[in-house]
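Please go over the structures that come below.
Here come two complexes built around chain A, the first alongside chain B, the second alongside chain C.
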Partner chain A sequence: MMRDLGVQFGLLLVGMTALSGAAIAASNADGAVIRNGTIGYVLTDYHWAVYQTQDSKAECPTGMNDGPREQFKILFPDDGKKRTLLETQLARESAVWHPDVSPEPYPFKEATGKYAVGLNLDGKVGPNDFSSPDGAVKGIDNQLYRAIGCITAYRGPDGAVHYFGNKFAQQYHYDRVLLELTNVDSLTNDSDVTVTTYRGLDGLLTDATGNGFMPGGTERADHRWGKQFITRFKGKIVDGVLTADGSDVHMPASSTFEDVSVQWIRDARFQLKLNQDGAEGVVAGYVDVETFYRQLVQAWSTHHQSYGQLSSPSLYKALRKLADAYPDQQGHNTAISGAMDMKFVQVFIQHPPAETAAKDAETPARAARH
Partner chain B sequence: MRLFTKASGNLKQALCASTVGLATAFALASCSGPGAETRIAAPAAKAGKVTAEPEGEASPRRLRLMTQEQYLNTLAYVFGPDIKPETHFAPVQRTDGLLANGTAKAGVTDSQLELYQKTAALVAGMVVKPERRDFLIMCKPADEKAADKACAGKFLSDIGRLLYRQPMKPAKVAELVEQASASADKLKDFYAGLAVAIEAMLVSPNVLYIAETSEPDPKRPGHQRLDAYSLASRLSFFLWNAAPDDAMLKAAETGEILTDKGKAKIVNMMLASPRLETGMRAFFDDMFAFDDFNNLAKDPMVYPSFTGVTTGDAREQTLRTVIDQLITKNRDYRDLYTSRETFMSPSLAALYRLPSTRTWTPYEFPADSPRAGLLTQISFLAVHSHPGRSSPTLRGKALREVLLCQPVPRPPANVDFSIVNNPNSSYKTQRDRVVAHRSNPVCAGCHKITDPMGLALENFDGAGRYRDNEKGNPIDASGSLDGKDFKDAVGLGQALHDHPALTSCLVKRVYAYGTGGPAKSDETLKWVNTRFAEQGYRLPDLLRTITLSQAFADVSDDAPAQAPVKSASADAPAANTSK
Partner chain C sequence: MRNLGKLVGFVAGLSLAAGGAYAAEKRLMEDYVKSPMPPGFQVIVTELEGPVFADAKGKTLYKWPIKSIRNGDVGEQKNKPTCDDTVYKVNAGLMSPYPGGFTLPEVETRPSCLQVWPAVYATAEDKPVGKWTIVDRKDGKKQWAYDGFALYTSVLDEVPGDTRGGTRRKEGGDSPAYREPVSPAPAVPAQFGVYSVAKGRFLATSIGYSVYTYDKDTATKSACTGSCLNEWAPMLAAENAVALGDWAVIERSPGVKQWTYRKKPLYTRIADEKFRSYEGGDIPGWHNVFTQTEPAAPKGFTVQDTRAGQVLADKNGRTLYIYNCGDDAIDELACDNPNSPQAYRFAICGGGDPDVCNKTFPYVIAEAGAKSENRAWTPVDINPKTGKFAKPGEAGALHVWAYRGRPVYLFGNDKKPGDVSGDAWGEFNGHRNGFKAFWLRDDFRTNAG
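For the complex of A and B:
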């Protein structure tokens, strides 16, 4: 079930726009979901945005990248030469945990082509930029897509990271991401709304199909241990589409063993089609490379990476090569443009008593640890 | 068959034994137990409010199969609340609006007997488990690896009194002790032997069936009344949905329960007990036909928010509301249909689209909410709908039959459902569909008495969620109930609140539930209803009126009464629909 995210997203916007009006009318009369100018959402699905064609020829003309097993065979062929464990498996495992940018004896296959999902982050149209899948938006900045687009693990619908990363995020409460819109007058057009992200404390409500999640649940925001995930954005809603920017965003990103890793997207911005039942769209920005890599190797062992032909040492080199923002003192870029596609359902977000919330607000916790 | 042979093998107690031992369905039986006359006779009743009660109403002596809930509630009282075996007794047939009435017509099949035995064995095993035996069995055998007749006899006679709902005859105790002792010696385990005897008791027809026996009423020659133990059981299964407790049996043993003062004392004690909640939950679960929840299914593609959890919580929400309003707050019964107060669970809150707490919490819908009263709760709306769409007809029919006791005739065999069932029809709303349906004269007669009030609930879809349009078409939720017009569900609730049949229906159901079947005539029900009105339609007062009435304790040799059936009529004025 290959998909064209751009086309899907476009159709989704049309469909959700049609639903929006009816839903607003209904909920105003009973159980209004906008209360005191506030509406909340909880993240139910997210993936690193990878534009895929039916046969992958357009974006990966030379095929998919090799993974740990394939690379191991190249590096250590069955040629009768005696090698120690230290020289082989442990050496490769060391490369996973201590990656570098030295060259490798095999090529890394970057995604190519004209199209990618994401946003034009710098307002420019450069030679390395993409166009949106429908061609309407030029200058899409998504170098992360070049790095991961031809790695099976990141491709839908059943790539290991694509599928299980999302599944674990649904299952693990640690990964609960809340989005709260305040100062909202209308979900159709509103020139000034505030968007705040939180980590939630509660599970998702599975719907009767067993495959989806129902809107209308209640989520408690974590103001105690989740301060690093509280981020505020200014935004606006135009024709039912929210855009918000102006800050970094930290996302809890636990996978496999319920580790407590995060993703850090700098200068992040949301573009989400909203209605009273949910929201869908992208968050884009500059993904901190070291944080991305740390999350990858903490959450996905070499064993798991092998499922999806994902070689983290190779990917690290590609990330460092393609990184396009936030240079360090040596001039090396530390972040890479990228995007996540996201789906939310509406929830009521509960905060601790006002005095606690106010106290928390006085000490906004930005993630200095990064 | 083997089971009952084993369990009751030598049980010679007169209890319609000829029928009980059969694993075949048998109809309502009346039993006048030999020896009943020898029990303590009641003193002459004092003159009092009973004088205002019409004479002549008396129920047949009944033989009722204990329901699963009654069985489990009784076990919980006798052995403790942690004795909760997983079991599923066969459902009984709803009769005259109540499952409780059906227990008097319930038979027992071989497979049911097997289930009873499995359950009994499970319970017996739980009772004698090492972690429980020390506080459930208040004596210690001299040797745990051998029989101990004294200890077994003490324990079995103590629990036997509670399970059989009357003191055990020495011969019966001796028989069970022999059974326990033989098993203990054979198994070289006192407790294993005791478990065999417990199992035998729990499958005894004298335990599983509630058999009423009578005696002549000394105050009124020629009249029969329930004997003390039967009265205790009738009261207890009615108000607590469980067998009588120790205090009630003591009152039966002394005959106190047969005196006006003693019975009033017992009834007041029962009404004040927390166990009344259990009893009334069972009654309203029965009256509202909530057993329908057991088979309720919604199309998940149409109603993805309606989950299995929702189903259980919807039932619980209504029962909590009823108990809170009618027992805890002692409110007017009619206000159930207009009150905005209820309780909310996290799962239901998602369906109502409300913020929730982590557990059940009191909740009051705001004054401008389209929801008020039980009719607008998920339970009524979802149960009386189709799996994939709402149904004004099913909702209207339920309102008539369940809440107003007005049976709606079944559709004729040749009815053409194609108009309402065609998913591709051009009708924009359910109103359009049913209006078209009513254009057929064959259908119109019945639909006129169900649809006008069912349409008032069209602001709620088949899962009970609010909507103000159907596929983009605005919903007209106006309607009428027996001449009273309204514009929406809140108006329907008020019309129902004011409908005279609402309270008379409750009286009818409560009376039948308590006595095991419908009243023979209207006179006593009218008298009870009048008192109900005088007392502000308070449920505890209604229960007190019924339980203290002469009719409640009087029995006759007559055949069981058939519930008078008066169908709802579209043309009848409200006053004529109060059956």
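For the complex of A and C:
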């Protein structure tokens, strides 16, 4: 499925009467947090979008996939046969680090059904597309859901990646994602806003429970190490819903032990319901398959994958099979449509003084001491 | 106040004949607390680990403290040495999700624990001294221990001052139960601590916050007054604190004393949130403090900014990687050096194929005749098909850079300076059997120590 943008987002921007710019005061309701036409948000929760029914029968009629432990028992049964580490553990780790599309002796269970969370990325309604859970939106492109929907790790509320991936993102400053809206006149309707993503440098402002997050905190934008995460989108706000598109997005995505992983969503677009305290919705786009896979295996060891019956070599084959965009020179798609649920709270974003930012913008190659 | 010693010399660089081509490097080295030792032991100030205990021949002493790993504990409890002459043939199943009982690589030549970690035996005439005690082994022999932990040397150490057997640096999660050099206490006042990090021996507060010096200060006077004190907190000294060795005390104002180290007043940065932060050192005029810095990298190597901090890189700016490996037998022998089985590394970087491996994580080639100023960095010859050290003049051998006696690598898919795409590549995020970038600074996690 090739990308054909512009139907759902963006076209309406053209010709719409812009308000008279950032100089106009924001509405009274928004005025407390919109300063100089700017409002910031910090990501507090995110998960790969997985539509779930209560008993999972609709989307996973044959159950959940096996994980590394279950597959290991199938491949190497306790039959008294003497085996080497090379042909067992190291062979399995070879498959993790050098995945391929060869068939496996166990089936991979893709998510099925009519519904999925996400966006209609190509403006079309095709045979592999989903409808939104309320049926209102047709043509939702989310082939990533087919790949991960029947893997326990990705399912809420307590799948290992679903739960801990989010928990780590809340905990580690490396993963702090900021969204800054500029040229904002109103959080209800504004035909032309600019949306910029940054990596933040500070902890989240929690409530007294330590588990909830409060608006009104402050985050410093990372202009030194986080250049990779600075991306600008054009957007608009209609009836309190922000839509923005036009760029790829790189998200910091560190999880378990000291990894510095990223996610890369190509041709990303945001759809977020906004208010002065926070934002909630999805980012959707085409997830780069190799980056997704590397993030998975570099941030989640086989042990950690086992918690959620997540076999990365098996998932890789599914990702490659279901990839639906950005074909390479051989015609193999390199990206897969997908979406993330996201929640933000409002923050005041601080940028370094101009001279500091300019200094940080330089990336000198220093000579090592010798 | 403890008995602080004088600055001591660095001995490893003097053993030219035994260690190959490198020139002695003169650097400030860390001082330590002198304490009684049994006859036949000494302290050597090493280039990577600072002061360590060594035997009469200069071989660094190591301990193997017990560590909980996924499916059990390995290592040694105090006064209970377990490293013996058993040659383990199968893995122990300690590392989830894989079970035990599988035949280990190169099992025919696998050594026993004692063959690679020779015990430091005591004689019947030896007597305990201070923290130095003598423990009974199951084989009936007696072994020296320090602070209760049985002592060993490493076959990887070749010359006095080598610490190739292990490090005091904090290891990443799910790393093997590594052996650590055993050391005397650093000669610092009780408010301070010294930590082994990628850039050297890092001076900090006793709980780990960075301390800093200021260019405008002198040995006897602090220039940080007024609004400066909103951002920097002097490291105050007690009324009865006295100067000793590198340490002295100045009086900031009547009755208010401040520690100085090597003629510079010390401060913490009020805004520092994380331990061993380098952020204060980014501010012009302010510097982090080391009791000794890391040995010089080979000429031409560079430092590159990444998305999380800084890494050591080659002359073209490509990130360097270190390979980590400990096997899963009960004695947790290292598999991270060319003397050990290479099947682990080949599985991770090449799917078992050395040729693929050499493309995925190629060696860092050293120029012919390349020399190092220290023992930390050495050019070595490697057979790329086997991953083992090459024999002199061996056809097809590669002349490559090694750190702590282990080759360093590049990552084939890194496209530009600052890329770290090969970081955490391998079992348990690259800590157990895999690759980690050569982190020098990590502002977000703890990769640099």
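Methods note: the second predicted complex is superposed on the first by the 323 of 370 C-alpha atoms of A that agree within 3 Å, B and C clash if a C-alpha of one lies under 4 Å from a C-alpha of the other, contacts with A are read in each partner's own complex, and residues count from 1 in each chain.
Following the convention adopted for this analysis, a contact is a pair of C-beta atoms (placed from the backbone, for glycine too) under 8 Å apart; a residue touches a chain by one contact, two chains touch by 3 or more.
This structure is a prediction, so every number in the text was calculated from the model and none was measured.
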Of the two partner chains, chain B (first) and chain C (second), which one does A:T218 touch, if any: first, second, both, or neither?
first
Of chain B and chain C, which one touches more of chain A's residues?
C
In the superposed arrangement, which partner chain does A:K114 touch: chain B (first), chain C (second), both, or neither?
neither
First (chain B), second (chain C), both or neither touched by A:K234:
neither
So, A:T209: does it touch chain B (first), chain C (second), both, or neither?
first
With both complexes superposed on chain A, which partner does A:S254 reach: first (chain B), second (chain C), both or neither?
second
Which partner does A:K321 contact after superposing on A: first (chain B), second (chain C), both, neither?
neither
Going by the contact rule set out at the top, does A:H351 touch chain B (first), chain C (second), both, or neither?
neither
Where on chain A do chain B and chain C both make contact?
none
Within their complex, chain B touches chain A through residues 298, 300-301, 303-308, 346-347, 349-357, 369-371, 466-469, 472
State the interface residues of chain C toward chain A in the complex, per the touch definition above.
70, 91, 95-99, 102-105, 172-174, 293-294, 296-309, 312-313, 317, 328, 343-344, 347-352, 356, 373, 417-418, 420-421, 423-433, 436, 442-447
Applying the document's contact rule, which stretches of chain A touch chain B when the two form their complex?
22, 25-27, 29-33, 35, 205-210, 212, 214-218, 348, 350
What residues of chain A sit close enough to touch chain C in their complex?
68-69, 72, 82-86, 88-95, 97-98, 172-174, 224-226, 228-229, 252, 254, 256-262, 294, 298-299, 301-303, 306, 363-370
